[in-house]
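Order as written gives the chain letters A, B and C; numbering starts at 1 within each chain.
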Amino acid sequence: MTGAVEVVRLRDAVVVANGFPLLSGVDLSLGAGSLCVVTGANGAGKTSLLRLLAGLVSLTSGSATVAGIDLANGDLRQLRRRVGWLGHEGSFYDDLSVQENLTFAARALERPVRDIGPALERVGLEHRTDTTTKQLSAGQRRRLGLAWLLIRRPELWLLDEPYASLDDSGREFFDDLLVDVVASGASVVVSAHDQLRSAALTPRTIVLAGGRVIGDDR
Amino acid sequence: MIRTALLVAAKDLRIELRSRVLLWQVVPFGVMALLLSGLALGPTHAGHSSAGPGLFYLVMLFVALLMINRSQSLESRPGTKASIATLGLDPAGIFLGKSLALALELWVTGVVLLAGAVLVLHTALAGALTALPSIAIGLAAMACAGTLYGALSTGGDGAATLLPVLALPAFAPLLIAGERSFSAALHGGALWEWWVILVVALVAYLAVGVLLYGVLEES
Amino acid sequence: MKTLTQRLLGPVTLVLLGLTFGFGLWVTPPDKVQGDLVRLLYVHPAIAWVALYVSFGTATVASALYLWRRTRSLVVDRIAYCAVEVSTVFIALTLITGSIWGRPTWGVWWAWDARLTSTAILGVLALGYLALRRANDDPSLRARRGAVFVILSAINVPIIHFSVLWWKTLHQGATVFTDNRTLKVHGTMAWTLLMSFLGFTLSFFWLLRARYRLEVATESRCAATLDDALAARRSEGAL
């Protein structure tokens, strides 16, 4: 399902870091309320693309507008507040507990702290509130990041290889969550090596190689 | 800005209380450095109270480098950096918060090392107590400067070795003014000129930090 | 194509420096107290003026322009970088000429004088800036961090300026003017001093221009390398 309003518009987007072109000219348009899977081999530029959309790396050349913000000239801090990012490195502070991390984040964005409990229940971490992040498994850290996104409900979700480190029940839980998120009208971009398994999800799939889009089943 | 600063400071201090790096690593390092500096001076000079102020500040300088590194390392892990970036916190507030937490940690360490200077370097207790306000301002200035230099050095090649190269020259005027004001508190002499330097440095680093920390935080 | 000013900069600088050395070594009389040692003063204060104020001032202004979004560009970043490089050389020359003057005057090559110490600190700050530039490859990040670092370092310059007044140690006070702004130095000495200040100031801009052109050439080569890297990256997708 794709909305008429464009939430992502990239034209020949190039990102260079340390002299290496991470993205070598990406053209991409995404409508509001869409689900898009970005696939490709290791080093194709999947993470770099998502980080560009999240405002976590700078655009070197080309044009890019995400959630109405021009990445070349706009306020990237505003962009980062409007999109939701889930990386594969884990989230927040290792020495703080699950509850402390989410309380910090909620207070930073002036979200009600009472929303933390239901979010933790949804992701299955309600019994881990006092566990520090470094004591969580990789999959549990991913769930912590998801809990935060559930509290924030951003208009664009950027999920970098969310299926890595998840077992079968974890993948099933994640697919159910994605169905709910897409149904709520948010746009979701997921990077993955494989296709999404759930029949309830009918994503658009784009293939990256050499830092640009080489396949799009739109 | 102030709300963000208090949030960030509370977060940093909570992490410190949980991890106890200050208690089990930094303070012992400071005490050992103080003892080593006394050994380096030799028995004749080590027990002379005139050595106390300079050695105290020199050790605090190295302690500050450790603490700045620690403060920045909390934010620089890839996952932490990205997830905190999405909060879009006011950079001026982040700067003030991290500086406040760092200043509190330096003050705590400073009190311990000051007691050490009184004990092993024979610094007069009354003079040391008189010097407390100037020490507090000097360490606060160090914290603000350190937060800025820490942000400048993070993420690049050789970040841990880059920090001392950037920060130590800038700390030198603080070392001079701090030592002079501490000595003046011990032995008498003009105090106000050194206070001016310490206060001007503190205000200058605060102003630059509030205005420019956001530039450092841009990706 | 070079403008008239650019074409004249080098020759005028050489003429002024030549006149400075000529007058300083052979025309001006020895000082009644310092003797021939005074001839170093036709070099040292001018070099110090360039090191502390002209070059670092140029770097500070360029850095401030970079930090202001309206004037942010890699041109001003390059100017700041090149100015700090040239400043490092002038700071080193300040300390060397100062030491050469200080040895017969004070009896030591180095004294823990406030101005000497502050100038040495500024020199290490300049080296720190160069280390910071080398630690980051991303041009924008490197420029931003460098600009903030220069602004921070500029805080040190007023401390150097007031250090002689506040500490009153070995280093002499203001060389050229009294507290009432009347000229202390007269006759051929004054003219030679003026020529040296002009000559060394112009030499800074001459060196800055040369260094800037070298930096532009280096970046052009890197840009060509980047174009190749982009082409190679795109070809990965074609395989």
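Note that contacts are C-beta pairs under 8 Å (C-beta built on N, C-alpha and C of every residue); 3 or more make two chains touch, one makes a residue touch a chain.
Please read all numbers here as calculations on a predicted model, not as lab measurements.
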What is the chain whose Cα centre is as far as it gets from that of subunit C? A
Could you tell me which pair, A-B or A-C, is linked by more C-beta pairs in contact? A-B
Can you tell me which chain is nearest the middle of the complex, judged by mean CA position? B
Inter-chain centre distance, subunit B versus subunit C - centres from mean C-alpha coordinates, in Å: 31
Centroid from C-alpha atoms only, then distance subunit A to subunit C, rounded to Å. What do you get? 48
Using mean CA coordinates as chain centres, what's the gap between subunit A and subunit B in Å? 38
Got the subunit B residues that touch at least 2 other chains? 218-219
The positions of subunit A in contact with two or more other chains are 58
Tell me, which residues of subunit C touch at least two other chains? none
Help me check something: in the complex, which residues belonging to subunit A touch subunit C? 14, 16-21, 24-25, 58, 208-212, 214
Mind listing the subunit C positions that touch subunit B in their complex? 67, 117-118, 121-122, 124-125, 127-128, 131-132, 134-136, 141, 144-145, 147-149, 151-153, 155-156, 159, 166
Using the touch definition up top, name the residues of subunit C that touch subunit A in the complex. 137-138, 140, 222, 225-226, 229-230, 233-239
Using the touch rule from the top, collect the residues of subunit B that touch subunit A in their complex. 4, 7, 11, 14-15, 18-19, 74, 77-80, 82-89, 91, 214, 218-219
In the complex, subunit B touches subunit C at residues 145, 148-149, 152-153, 155-159, 162, 165-166, 168-170, 172-173, 176, 193, 197, 201, 204-205, 208, 212, 215-216, 218-219
